[in-house]
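In the two assemblies presented below, subunit A is common to both, partnered first by subunit B and then by subunit C.
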Partner chain A sequence: MAKRETPLLDQLESGPWPSFVTDIKRQAETKPECWDILGILELSYKERITHWKHGGIVGVFGYGGGIVGRYADVPELFPGVEHFHTVRVAQPASKYYTSANLRQLMALWEKYGSGMTNFHGSTGDIILLGTRTENLEPFFWDLTHDMGQDLGGSGSNLRTPANCIGESRCEWSCYDTEDVCHSLTLHYQDEIHRPAFPYKFKFKFSGCPNDCVASIARSDISVIGTWRDAIRIDQAAVKEYVAGNYPANGGAHSGRNWGKFDINKEVIDLCPTECMWMEGAELKIDEKECTRCMHCINVMPRALRPGLDKGASICVGAKAPILDGAQFATLIVPFIKVSKDNDFEELIEFIEKVWDWWMEVGKNRERVGETMQRVGLPTFLSVMGIEPIPQHVKEPRSNPYIFWREEEVEGGFARDIDEFRAKHKA
Partner chain B sequence: MALSKEELKKAIEEKALTSPKPQLYIKDFYACDPDTKPRDMKNVANEMVREGKLMFWSSGSTTMYAIPSRIKNEEGAGGIGNVE
Partner chain C sequence: MGYNPQKPMEGRISDLGPPHYEKFFPPVIKANKGKWLWHEITQPGVLMHKSETGDEVYSIRVGSPRLVSVEYIREVCDIADKHCDGFLRFTTRNNIEFMVDSRAKVQPLLDTLASYGNKYPVGGTGAGVTNIVHTQGWVHCHTPATDASGVVKAVMDELFDYFTSMTLPAQVRIALACCLNMCGAVHASDIAILGIHRKPPMIDNKRISGVCELPLAIASCPLGAVKPAKAIVDGVEIKSVKVTVERCMFCGNCYTMCPAMPLADPEGDGIAILVGGKVSNRISAPKFSKLVIPFLPNTTPRWPETVAAVKKILVAYAADARKYERIGEWAERIGWEKFFEKCDIPFTEKSIDDYRLAYDTWRTTTQFKFTSHIK
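What follows is the complex of A and B.
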């Protein structure tokens, strides 16, 4: 494959930031098909239209996910990218790798693919870009048999579950996110590898409300660590922060001079529920008003810690903008215990209840959040068997229409209208 | 009453052969037997893929099912149903 002239793409190398064009040119020195990637992109820039076909029928035998077929519609011009399939490899929990594992994976991809990668895709998978159909089965064999790794999810499957680093390195984690993610990945192998749903389905696990995997914005079921009791306060450490002896935010913003630490300005006044105040030198928190935003804990980590009665909140229905625009997940279960002792039974029961309903009611290519939006939260709660609570209400009085079921109305719907009108004129 | 597995496979095959579009969503098969639970329907459809009676077509974000002979293979022949 010949080197391609790419005057438009070359402009992308002239800016101050690292350029993927430079990276691909370097890769083309050992993998000449990468010149055709630049060539086809240059053509698309010139003609302002894509030259990739939509989807395909490639995969590995027995799997309905993990491979995304990509074919060029101008193979005669760019034979190196006639097939340029994407392979999604499931990432380990928290994305911990050994360098030996990464070297082995890269050696495998140099052998069977273009050598181009994307660490990581938005679902979290290791994305290997560009291979031919005939290389898929040998690659899959070596990946699974020699490396003990597996493909991730794609299409209408459960996508590869993702989690934050959790208890492995974070003192704030309210449950073992790695354990849940790994256990459920094994539990739902069939759903990850074989399409089961009206559309994609993702779950992500964050250990605390800082939500480092952004599960509330990106997953259909978002499990976010929280606690039921009081934030633990070390009043002596509070005094040290006020005196300026401990750096705020663990020193994360120490590159500039922000002036003396001001607990009112930087913590108390920024509390979204205004549940904090000082009594003399003591910091007080009205626990029942605390919304677990984590701001105070983030600013004063040596003085404040999550409580001890830990578990998770479950939110449902986030998605990125394809149809109706981006939406955050909605809080459905304020607190559940997440425990290995019962094999995460409560969580699994919840997940499968959502699936059974959505598989029945969801339209094709409709995310569960869109189905919820279509039928309304009251219907969703009723299907899930969950009693409405104030936290389910986004804003009070924003919707004047409240629908009551007959059994919720004293006397049912069969009351005497004349008797009612005698007291209430129409 | 739900159809037997073999009856269901036959109904799915018929549906996939006669539908105007060659690619079908899993939900399109629900009508083959309203008494079959969605998860059982998925299991039967996936079994048919393993048997080579159906194959997957994926855009990357959505996966559909098709009869191998009805769908255009970009490479002329083969596809996942025929991979050794």
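What follows is the complex of A and C.
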């Protein structure tokens, strides 16, 4: 592969942010096919359009996901990227690594692939970017045999689950997001690797309502940590915040002079439920009114902590806009204990109830949130065997178009028109 | 030894799943999991977490381009070997975190990072701009309406000082998706950069019979704009489709289902800017991003129009919002008419929803502000 002239991409080598162009050029010194990545990208910059063909079904035996086929539409110009398939490798929970593990994976990718990667893909997998069809099986063999690692999901299956950093380095996590994510990922290997669903399905696990893994916006089943007792208050630390001895919000605003910390203005007045007040030097919280938004805890991490009776809320049905518009996940189960003691049995039971129903009634390429929208939330709740409660809605409906069922109406729906006409002339 | 193509199923191992996370925990993380008490950002890009055991972990956050080479990862491993006993992690926003177990080890690590020039910028914490989550763009995807890595590089070059500082009213999450499929889920971001198409699909009648299941292509259109049609190819009548152009909203879903309906185009494609989304439940509920700039051209290689638009919104927000207020909360407090005025963005009909459930976004009150929009 010859060196390519890239006058447009070269302009992305200047500036303070690290340059992917410089990086690809350096990789091209030992992996010359990287010149063809730059070459085809330069052509796209010149013509302002992509040069990758639509689709191409490739994979490894026995799996229906994990590899995304890709071919160049100008292979004669850039033979080094004629095949440019993506390999998704399942990431460990919270994306901790050892250098030994990464070096071993990089050696495999240097041998079998283009030398380029994404750390990480949007769903969470390690993305190994660009290889030829004939390399897929040898790569997979080495990945499983030498590293004991595996591919992630793609297509109409369970996508590789992801979680926030959780208890491993965060004081707010209300359950062990790493443990749940890892356990369920292992439990559902078949669903990840062999597409049997109407469309993609995602789980994401966040430890608290800050939702650092964006689960409420992009997962079909979103598990978000919460608690049902009182926020723990360290009154001595509250005094330190009021005195200005501890930085507000963990020092997140230290780059600008916002003036002296004001607990009324910055915490109490911003509480969405107005459930906090000062009694002398003591901070009081009416926990029955608290909706656990995390603001006060975020602002005063040394003084306030989530309660001790911890668990999670389950929301269902988030997705990006294609097709009927974006949806956030809807609160379905306000509180559930998430415990390894019973191998997450309740969570698994919930997930499989959703799947059983969706696999039966979901249309081709319909996310579960769209199926819920099509049949209505009351129907979904009834399928799930969940009692409707006000927490399921922002507000009651404002139209009167209720789908009454026949058994709910005295005497049923069957009536005799002749009897009616005998009393009511037309 | 190794894969034998003659006997592909022999000795095959499958369904292993990911390695157990605990194998990769630095000792200080392993010893203190579930015991953390509080944290503090000691300087931009450096987080300190304090455990009830008295232990501390310092995490140094570094921005990465996400699209990185084998050599890059090896270099990152070198840094982890030198300072962190070979441990490291990545965040959900494509930052790298190097963790050390004492304050004394922070500065030597920062010095090493600085020795690589601009390659490992430290920042992305607190009330600043952290790394941009993004998609593949022209480097790998078959449906993009813009590039991803190049736009991100150009925007982050301009916003670099916001990455390395914490001077904003709250954190600002920027995301880029190179088409409406939104692999990057940009629909709940403070500022979303979204690739859009503006020309309806072409019909490749010479290929459609071989590559496309017509009923699926027809059913793929949410507005019923794709209809069955006949076409003549080499004098022979074939079954094909046609597109009712006035119904097309350029979502590209038909192309996803049917490779014979390409719609990308150098003039038609470009970028829309959406703002005010968020994911966190903090103070207000999660919000969708709202479309404020309908189209900016794909001006390669540095997308100056997009860079300027993002910067302008960020500067107006930084100057006007209250402490803790996210962009969407700020816009709602001052009113969207004020948002357009303060950001100096022309309001157009394109920002008025005319898709499903559009009525929810129309104003049905007499409460409004007299901005320059009222002539």
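In this text, the second predicted complex is superposed on the first by the 389 of 426 C-alpha atoms of A that agree within 3 Å, B and C clash if a C-alpha of one lies under 4 Å from a C-alpha of the other, contacts with A are read in each partner's own complex, and residues count from 1 in each chain.
We take it that contacts are C-beta pairs under 8 Å (C-beta built on N, C-alpha and C of every residue); 3 or more make two chains touch, one makes a residue touch a chain.
Bear in mind that the values here come from a model prediction, so they are computed numbers and not experimental data.
Trainee: Touch check for A:18: first (subunit B), second (subunit C), both, or neither?
Mentor: The second partner, subunit C, only.
Trainee: Among the partners subunit B and subunit C, which is in contact with a greater number of residues of subunit A?
Mentor: More residues of subunit A are touched by C.
Trainee: For A:157 in the superposed arrangement: first (subunit B), second (subunit C), both or neither?
Mentor: first
Trainee: Now for A:137: first (subunit B), second (subunit C), both, or neither, which partner does it touch?
Mentor: A:137: touches subunit B and subunit C.
Trainee: Thinking of the overlay built on chain A, is A:218 touched by subunit B (first), by subunit C (second), by both, or by neither?
Mentor: Touch status of A:218: second partner only.
Trainee: In the superposed arrangement, which partner chain does A:86 touch: subunit B (first), subunit C (second), both, or neither?
Mentor: In the superposed model, A:86 contacts both subunit B and subunit C.
Trainee: For A:167, decide between first (touching subunit B), second (touching subunit C), both and neither.
Mentor: A:167: touches subunit C, not subunit B.
Trainee: When the two structures are overlaid on chain A, which partner does A:55 contact: first (subunit B), second (subunit C), both, or neither?
Mentor: both
Trainee: Can you list the residues of subunit A that touch subunit B in one structure and subunit C in the other?
Mentor: 53-55, 61-62, 86, 137, 364-365
Trainee: For the complex, give me every residue of subunit A touching subunit B.
Mentor: Against subunit B, subunit A makes touches at 53-62, 64-65, 67-69, 71, 83, 86, 133, 136-137, 154-157, 194-200, 355-356, 359-360, 362-365.
Trainee: In their complex, what parts of subunit B are in touch with subunit A?
Mentor: 25-28, 38-39, 42, 46, 49-50, 55-63, 66, 71, 73-75, 78-80, 83-84
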